[in-house]
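Letters A, B, C and D mark the chains as written, and numbering starts fresh at 1 in each.
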Amino acid sequence: MIENYLKVRRATEKLVEPLEVEDFTVQPIGDVSPPKWHLGHTTWFFETFILKEFKENYKFYNLKFQEIFNSYYKSVGPHWVQENRGNLSRPTVAEIFKFRHYIDETIINFLEINNNPKIEQVLTVGLEHEKQHQELLLMDIKYILGANTIEITYSDSPLLTPLPKIDMEFLPFAGGVIDVGAKDNSFSYDNEKPRHKVFVAPFKLANRPVTNGEYLNFIEDQGYLDPAIWLSDGWAHKVEQGWQAPLYWKKIDHEWYEFTLCGMEKLNPHTPVTHISFYEADAFALWAGKRLPTEFEWECSTIKDHKNWEWTSSSYLPYPGYQREKGPFGEYNGKFMCGQKVLKGGPKNHTRPSYRNFYHPEKRWQFSGLRLADNI
Amino acid sequence: MIENYLKVRRATEKLVEPLEVEDFTVQPIGDVSPPKWHLGHTTWFFETFILKEFKENYKFYNLKFQEIFNSYYKSVGPHWVQENRGNLSRPTVAEIFKFRHYIDETIINFLEINNNPKIEQVLTVGLEHEKQHQELLLMDIKYILGANTIEITYSDSPLLTPLPKIDMEFLPFAGGVIDVGAKDNSFSYDNEKPRHKVFVAPFKLANRPVTNGEYLNFIEDQGYLDPAIWLSDGWAHKVEQGWQAPLYWKKIDHEWYEFTLCGMEKLNPHTPVTHISFYEADAFALWAGKRLPTEFEWECSTIKDHKNWEWTSSSYLPYPGYQREKGPFGEYNGKFMCGQKVLKGGPKNHTRPSYRNFYHPEKRWQFSGLRLADNI
Amino acid sequence: MIENYLKVRRATEKLVEPLEVEDFTVQPIGDVSPPKWHLGHTTWFFETFILKEFKENYKFYNLKFQEIFNSYYKSVGPHWVQENRGNLSRPTVAEIFKFRHYIDETIINFLEINNNPKIEQVLTVGLEHEKQHQELLLMDIKYILGANTIEITYSDSPLLTPLPKIDMEFLPFAGGVIDVGAKDNSFSYDNEKPRHKVFVAPFKLANRPVTNGEYLNFIEDQGYLDPAIWLSDGWAHKVEQGWQAPLYWKKIDHEWYEFTLCGMEKLNPHTPVTHISFYEADAFALWAGKRLPTEFEWECSTIKDHKNWEWTSSSYLPYPGYQREKGPFGEYNGKFMCGQKVLKGGPKNHTRPSYRNFYHPEKRWQFSGLRLADNI
Amino acid sequence: MIENYLKVRRATEKLVEPLEVEDFTVQPIGDVSPPKWHLGHTTWFFETFILKEFKENYKFYNLKFQEIFNSYYKSVGPHWVQENRGNLSRPTVAEIFKFRHYIDETIINFLEINNNPKIEQVLTVGLEHEKQHQELLLMDIKYILGANTIEITYSDSPLLTPLPKIDMEFLPFAGGVIDVGAKDNSFSYDNEKPRHKVFVAPFKLANRPVTNGEYLNFIEDQGYLDPAIWLSDGWAHKVEQGWQAPLYWKKIDHEWYEFTLCGMEKLNPHTPVTHISFYEADAFALWAGKRLPTEFEWECSTIKDHKNWEWTSSSYLPYPGYQREKGPFGEYNGKFMCGQKVLKGGPKNHTRPSYRNFYHPEKRWQFSGLRLADNI
């Protein structure tokens, strides 16, 4: 338990090693949190839900952090407005690392003496929560570095590598009345439950995600100029934001480039397309004469090779029988179940099939791509 | 056919008889169209999709109307921006009535000579479309009259009457793998098709909608002040808009009143609550320890007594196998299938069970209420 | 007195004769009031400041009008928000005419019996106020008709006629310590007082305003593309609003047209340019190597031939010794003395030299042009 | 010359010594620039206007800095949007210090060999410019620290100290036709020229600025609640922004505190009030039965004891005969001469009487107070 705790906590700190203090601090858009805030918030989680809750006479590191690092848990107390996280120069990065170490030490000492299933359960949520923020850190760091006019390189090895050059094929699946959602034998979030039955008609799913090269065909075929293949809200967003390509694409002297964590690179046509909104994914699918899969089609298929998130056509809704938990954990997922779309897959091979990521359909700073589906 | 055409057209004109010219013209919020625009737009529909399409050498009444009365059909040509409809003093109301009569006469003369299944099909869509705008007219007229500080009465007889005083009971339904969507034997929109199978778990549905009196209990129990029962986006809307009650409710000297088409009236506790957003419906249901039904639960139940629209928990999404039609009719429904919620029921007794109305979750100017559901 | 009252009141009604009921009702932008509102507001002025104030047992025509037709007099009571005037379908145009006739009759009956210098003074302000609204009516009507895509003609005779074709010459003026502001022997507003001394250096002023043809040279010389000649705020407005020419100019097939109260007409190069913002006037002057005159230069010069308003370089500020009156008349002018620029001249030959019109520098819907000045 | 250069440059660096790297980086509102940006921009000034202009084969430190540190000089090239300065994590603070040292060394080496009146003149502007940014740095640092919920102290010694407890007295001045503006014998900005004549009527001016205690009387007398004493735009700002006191005042447990560079302190009634908008200053003066002085009254008076900026009633306008310089220096002041008010005085005792500071009337983050004037 403690070993796992330390492993996850160290992994977070490893992720921010390449950053300068200034990189930790800025917030170029409301969606993107300063990296130092992620470091503080994930720590606040353990302080608030374990130490404050279970440790007698717990002495807070700094009571102000209760507000600053509370993301949106109204049941816990007031929280600093998300869009203003980048206005706070203090606490400094160094101070936040001290906070982390203070909490780590206190947690470990506490766990050595106190342990029970309830604490273990919250600890697990805290670690899964921190792993989610590791993804967010990468997204946010990429945005921060990419928002600069000075070229900054975060890493030498790319996050997403080109796919092997194989043709897109559509694999048939039988569907039927199937069980979806999390099984009880390992960790899952409340939004993956209850496991329940859905009816899925027979369908086909592509053997691989759509690539940059295929997406480029869509652009060159005037995909961004034809309202007939766009959702109405999507078209409005496209016009207002001036979208002409995925978020990090840039055309320089008739050549397409893509900003990556390794810096600005020539667009590789075999890499999965990423950083597109749901609206763009949907328009692409319509242009291609196909459609996006539902989250249940995706879940019951045999996809194994995903490396980033893939948009589905499903809205992020509670599963039948879902009950919002009382107290702060009820705020973790349940209150966001409106207006967002489900993404499946994700950057890690071990992501469980029932995991549901979700974003508003216009968001593009996450590593989101698509995979085509079709009817049979 | 012609008889039905005239009946629907006359019904529209009947609806606006109580209005003054000025009432036809204003647009207090972007969602609400000037009534005269509805009169023109429904007429434009027949001109554009029947006369322009099928009548040789058709002479347009006024070519400018092609743009002014086009709502959002990008495949037909440019359209006047929705929010600016109220900026147009011309064409006058009288001129629009002339336009209506010109089109009516031309359509009738045309139908007497030309008829084929294709024309008949478009004519049917045009009439169903006009019936939808009759609903919109009532909503928009109510908003226009209600936005005034001068009291204006539209009608002597109320649209919604109190329910018989019966207790709310939850009727059980078996669910299972059921067929939903429109059958082929009568008119339906493309968004009701294809008829397909869904799995519905056993559920319970209330025998009647929630009343004003029950909703008042929610208000008095501080329902608008407890973030724990609200969706996150709903809470944000509530705060920003200052919602404290349904749209037309007003507290005067400790007494609640409701603006209706008959003017300001004392709140009747037995009338179904209306003019609430999805967010308020959802918060009410959570407060009541219940939930909203899905559109499929509603559809497969035996509800018969609905008189207004009821929010469901379902997002407005394409049915499996749905194909957006090529051309303007593909714009009728398909491009709105994102970000909206499905409502079932409606103000007319004859509405078919597969009919899907849809609005963004924050909208309140439609006659929207709710009915509670529960798990078994 | 009564004769003059009736003359002014009739002149207002004469101005709106060409309008349809719908033209009276709309408000395409916040600055533009519905013509029917002007009819009501100018009447409210007499009701509020004469009848309510001086007539015993005065019976209000409709108490709601006290709020609806109050423009911005916070000392009188609440006022309807300016931007929402176009949301009100009621009172109808016919009702407002009834209101006018009721007030006219009551005022005349009242004046026949009651008269004293105080009442006469307020009546004079009310009539001057109504004359100001006659100007506003023309501006607002022009905007309303021009905002339509359907061509509407208000009048057969143009408001502004071409100037005789004479060269622009700069007339020298000696300046010195001069007296400016209103003399006491006839009506003037508080913002024209006290008459006071200013020092004006010798200057030159053009013998005529800048014409459309001269302004066209500025456009064709890329005047709208060179930030070096624009004020910083002006450039920002230009970019945001997409200004490329005066408000009502339109280029159709390589030919410039101008919307006038007589409809869309070919641009006449000899007509004074109008409907430009202060920013455009200032940029034009800098481009021309000249400058705008100050309000005092204008006032002490011998300009006689003005037909529209001309921007000056002066900010609209209180004169030395100005005291804001207590009560509602203190709100007439004094509270607007920040952020606006003074215009001199005006469409009527009889306008007194001390009259100060004022608008925010970005406004363009008034009949504003410019005249060049220079140093000696 | 070199000595003076180094003195000014060191003074800037001295000012930021108490800051953490994070304090250098954030931009809580558009008006406030990150301190590191000030360090870069003042350096960019010397690079752009001296080295780039006069040094042969000058090698830029980093060409990207030309854009990043250009504030608003459109004639020099593109400039980074002001509101987005806080989005840039790079260049780091350390890198900007390196940039400063590179430029300092290059400038000094260059000046030792090259010198002529033109270069000396630009250098002087550059140093005066940097002194202006020293003021801005203090304002911006104060805002950044004050925007935090964590208490941060910048300094031990206060910027503004209490005045001696003397009664406010009004000193009479004769006015007349006087000369105002900069004399030629020492440095001044173009906006202080040409020196010219104005007529000033006899007036009285207070012997000291308004204090916190006097301003508190205004608050307690409901000064923020009476529209009769506010300018119309000021009232609108007050309502929209929720102003109830000067920017940094805070009421805690019925006691007033003020955030200062020494941290949160009990309000000292004898310290000059600061951080009020022009609108508040103007409303205070009207409440007090007095008025603000014009910039010329202030300039021709004998005020010596000012320690912060004082609002005047004058709009920031070009002096008669002012010519906007060609090229970038014409952008320094001239293009801002619209919509702003003049402030006189300033935090340093040596500020020359002709110096004109200027801000938009709603701004409050500068050290702005007021001094009352009156007519004789």
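Convention: a residue touches a chain if its C-beta (ideal position, glycine included) is under 8 Å from a C-beta of that chain, and two chains touch if they have at least 3 such contacts.
Please read these numbers as outputs of a predicted model, since none were measured by experiment.
Hopping across touching chains, the smallest step count from subunit A to subunit C is 2. Judged by shared residue numbers over all numbers used at their interface, subunit A and subunit B contact each other through mostly the same positions, with over half in common. Subunit B and subunit D have centres, each the mean of its CA atoms, that are 57 Å apart. In this assembly, the C-alpha centroid of subunit A lies 36 Å from the C-alpha centroid of subunit B.
The centroid of the Cα atoms in subunit A and the matching centroid in subunit D are 44 Å apart. Not a single residue in subunit C touches at least two other chains. Taken in their complex, subunit B has these residues touching subunit C: 20-28, 36, 62, 64, 67-68, 80, 84, 86-93, 144-145, 147-150, 152. Residues of subunit C that touch subunit D in their complex: 72, 74-75, 177, 196-199, 201, 227-228, 230-235, 278-279, 282, 286, 294, 313-315, 317-318, 320-321, 324, 326, 330-331, 335-339, 361, 375.
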